[in-house]
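In the two complexes that follow, chain A is the common piece, with chain B as its partner first and chain C second.
Presenting the complex of A and B:
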């Protein structure tokens, strides 16, 4: 039966994967502080105080049928049963609940590796499990336990530290932030005279927020956004003080207290300026944190102020004819649907509207929309840094095949409206020799935008 | 042997039904109580329309992509679950017992059909057994309890088939049939067999999250 892989076939792959043990200093140093008593008490505190029927039902209802396997790009790429979603539950909460928290430091080490680096929390498996069991939630509980045990991969913990020290992910200092905005404003004025990046404007229609890496590594995205906003004659603003960063690695390390502080600062920053709504740059995880996770943690069923992702915003610009284009982008494009805004917010059809409004030739990759494969970088996995890079890129094999198939149909450019996806896809494209160019929607719109006469 | 037969069809049958119904109510109530205290989020986001939307898609054969890419499993699980439910309810031998004991009766399946359905259940169990032994990902997840549950489900059908066709030792097999059926009933509230009752809730909840918040399909 072609739909199944035999045990022998998979055994070979398993051996291959087992030979590579990754050592991470954050995890190892954390383990040194642990005692069996501490492990047990922390686990039971989290299980008893922070979880309830959901976790119990998710672990108890799973009938071990394996239908989730094909829902996971890790399993599809590596052919190892340890990477099936239920297999990851087996290596984490399943054992923890069975042993009532009496697990070894060695177990915690492996469980932390599984939860932080072998699951992108993309929730695709919930669409493949007949019961809709949410393995991403179970992995989040495991991360929460690891955070409380102090066993977190070094690189992502560094970003969490940055969040708590500076309220942004990249150790950007307050003056550097304003300086970057003014620098980008000046640069953009070359393209468009009288262009402004208005800081702290009260009552603006749009409060534009970005992720920490934008001022740090991809400042041109702020430049492009400023040009688009000005071309559309928007009444917009960006905050000059902390609260500008909508990203959230604390959500992924399991540091929910810090996540709450970050989200509160971001919302309050917009509310303080009496902005009508928040428009966010092309980021997936930040959108998840602001639209879905952070607001709940703070007790809001839905965000206290309207939150609009760049895709919704661009779609609106074209629908309301607020911007004009010179001519359509003429190279064949394909579209990667990021988990957090497609499966997380159903923006895939709007994304296609933008493609049709801006590009002359569109080639779908399959599977697509809610069923698209994750880039393997999301859920904080890419933020766990260099120690896990090779493993991450290997788990993107299914993604590489999907890209090659789109390329075979003629696609030359991949549009990925998410920063993490960019990082992940860049590595995959490079490693597997896919040779496709990667772009944000902002890149394309900026390139073909007809600038209004000043 | 006669005494044992009367015990199995009398007191033990009552106990089995009581444990099944009482146990299921208890399990439900304790989960509901826990959810009330700890997972208020579930009640906040549960949405009847989106829950039903998801449940319906997953109750239609090949209604989800997951089912489409696992065609054999889909056909087998649907046939298995349908036969597992309908056969014991409508097989002539069972309906006659209700008629004799409580003077109520309903539609019965032609014997040949009941035979085929029983066979489907047994064959499906063999298929599930094969998956648990042969497919690496399923094997990795399988625990000894999974084999026991599979056996608990298959046993009443194997013994029922045996007894009905009066194969050698069918009298003993009849008693085994009754007892194994009662064991299965009693096992439901305390094992993964309880998934039959939890399905609408787990599916409904993820369906509500996908429909109401994520505005995406979950099938």
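Presenting the complex of A and C:
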């Protein structure tokens, strides 16, 4: 049987998908404040002042061949041409350019839904396009327009507001941050006497930064990182003041002014403490923001301070024999390659080095490395919240198949070194009944780590 | 900086403390702090009851711990007056302790300890989930649901912070857009709210406050004493006041305090980097002041007499330098620029740079030959004729003076301080287990 549906089946599916009207107060209430003049004015300002040859080349070069479709997990999961990357451009920027910004509020509503919730900005399609066109960039331009129009899904907009008021994405107050670090330090002292999470230590080799959800929901990851840092006898620090959160939902809402403010605060936090380098926790989008997008928006070709993702750091720990393990993790594992650090940064082989150093049995997921499917949560899609959850999980059908295939070969545990991937994969595993356990590399390393005697 | 001109500038070397005795005595020692005058060394330690306390040692004395022990202590700092303060917690109540004397008032948490140049202390505080500022043990009368970015005025009498002036719940995105944030000064909020407020800053006469705000996603303003500039910009960075007094025949202490100053008040102005049409400019009192567009511009800074202004700029993408009165230095650096400053006489400008992964010092558009693994804030002598930095290379700390390495290597080192007469440098550093105070003649 062909893996592709007939035209009639596609038409039926398209109708089914169209009938799923999404109600989001951020989008709907935002539309109420628009006028045709404002829409046209904002669109033309963004197109004329903020885009240039890149957008023009992408739009003019596309020959509508549809080769990008196989690159998109939305299309692979839903088998509807509307969800092909070219189809998404057709529903957004092509129409906007064709009409020179004279589009309706209804159009903006649909375009916002497509740009924010039906594209993970994972850039997989760019590898399947014969010209290498980057549809994620085109979707980002659409998001930028929606941000300036004030038509953004409520949950991710709220996260961007949190960034602007607190410099972190979870409304964590200044005192709650330090209190959480002290709490985790105390907890970790049960494992290692006199263990420290050194605050504001000047001249440290490592400035360790995390994303907002860690102190809010996953504080044990800070605990684990502290144990690993102490076991490796690192000269490290964490800041006591805002600037500790490396994440960046503003990059995904299109609020680039705030993205710049966030990244500047993050870099300056580390540089003010004269840290040698930033080591980031296991997060993909934050790495994209710190290493690629945010730094360049501020005027740096590369980050002003060396930035190292947790995968690079853990790999270094094993290569330099800075930590020892008691024994290898003995349950069969598979590895999910997060888009931003695999396709975006090429850390997939290092990730495999860590798997091999820590786990006794490794079963590859297929496809993998830079061809891996997105978890359907990235690009801020999971941050758009409950109104879009069902649609998001349905777009993860291809990922579920991938997980089932790895499970059929014996894998019991999925390692996903990215927070958003964890959120997305948790939902997919639950929805499709995959019944696999999810772990970060930090979980595995902490579990098998041999603690030094003193 | 208390008694800066009366410090011991004659004794060439003192051994302030033998830290091996500390290591034998205490199972737990945090980072060492040294007083500005170099006469005392201190650290947070755990005592025999495994409580957190502070140990201090000076020359010819044994290490001495504070009498009080705590469940937790952090943020140990010598203030500008060389009194030693820490944030301490006992049975869940947090207080400031200075030289082992704790404040009367306690809180559920305190943080962000700030000093003015006289040693006044302010902290941000939280009690029963309400937020305020405490200045020398006196809390604001008003409390807020959220507070951040606290600053203390130069005279120490005022504190200000960004506050949530209209309580807003998570997910109330349209209420947020209407403006729920403002500045509170000594607990009293401005009468206007903004969507966001950042970077409050006092004028140096302590009478005015400027900040950056946004009133919508694309209208950014500079606000002074609650009133916005007339024009909005697509983004802004932190505003700074021009110096509001001119000093003559003065000496600048390491904390920036002017000794023997003569005040000549004049009108202040406010400058800020502003973004328009995708490029950055320097604006003054609401109007474009530097008309040359930059890819990036921030950290503008004034000569002490206020007649010159300079800033860190990127004239092109990925190329950084200093612009002095809107004229960029010819030299460019690839990675980073920081800690820019004028010499006290206003004739020189220095900054730190990072280029191709190595740190260095640039003065008046020329880079020193020596490069470092890391370097700290540059320090001018009071007459502006010398520049010194602390730096790290190959795992050890050193002092460089005017581009040349002086003295020995150290395991740890505080920033250098010039003597009031510019003839000597005070070096405070750890060598092996000895914390030494040295006065090096230039």
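Note that the second predicted complex is superposed on the first by the 449 of 454 C-alpha atoms of A that agree within 3 Å, B and C clash if a C-alpha of one lies under 4 Å from a C-alpha of the other, contacts with A are read in each partner's own complex, and residues count from 1 in each chain.
We adopt the following convention: a residue touches a chain if its C-beta (ideal position, glycine included) is under 8 Å from a C-beta of that chain, and two chains touch if they have at least 3 such contacts.
Predicted model, so just to flag it, every value in this text is computed and none were measured.
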Query: Is A:184 contacted by the first partner chain B, the second partner chain C, both or neither?
result: neither
- prompt: Of the partners chain B and chain C, which touch A:203 in the superposed model: first, second, both, neither?
  reply: second
Message: Applying the document's definition of touch, where does A:113 land relative to chain B and chain C: first, second, both, or neither?
response: neither
- request: Check the residue A:255 against both partner chains and state whether it touches chain B (first), chain C (second), both, or neither.
  value: second
Message: Taking the superposition on A as described, I'd like to know which of chain B and chain C A:301 touches: first, second, both or neither.
response: both
Query: In the superposed arrangement, which partner chain does A:148 touch: chain B (first), chain C (second), both, or neither?
result: second
Query: Taking the superposition as given, does A:171 touch the first partner, chain B, the second, chain C, both, or neither?
result: second
Task: Would you sort A:162 into first (chain B), second (chain C), both or neither based on which partner it touches?
output: second
Message: If we overlay the two complexes on their shared chain A, which of chain B and chain C does A:53 touch? Say first, second, both or neither.
response: first
Set of chain A residues, in rising order, touched by both chain B and chain C: 301-302
Message: Help me check something: in the complex, which residues belonging to chain B touch chain A?
response: 31-32, 34-35, 37-39, 41-42, 44-45, 54, 58, 64-66, 69-73, 77, 131-132, 134-143, 146, 192, 194-195, 198-199, 201-203, 205-207, 210, 213-219
Field: Contact set on chain C toward chain A in their complex
entry: 27-28, 30-31, 46, 72, 74-75, 108-112, 124, 126, 131, 146-148, 164, 170-171, 173-174, 176-177, 181, 195-196, 198, 214, 217-218, 220, 234-235, 275, 277-278, 295-296, 298, 314, 317-318, 320, 334-336, 338, 354, 357, 373-374, 376, 392
Task: Write out the stretch or stretches of chain A touching chain B in their complex.
output: 1, 3-7, 9-11, 14, 51-54, 56-58, 60-67, 69-71, 75, 81-82, 84, 86-87, 90, 126-134, 292, 296, 301-302, 342-346, 348, 367, 369-371
Field: For the chain A and chain C complex, residues of the former touching the latter
entry: 26, 29, 49-50, 147-148, 150, 154-155, 157-158, 161-162, 164-166, 171, 173-175, 178-179, 182, 194, 196, 198-203, 240-242, 255, 257, 260-261, 264, 271, 274, 276, 298-302, 304-306
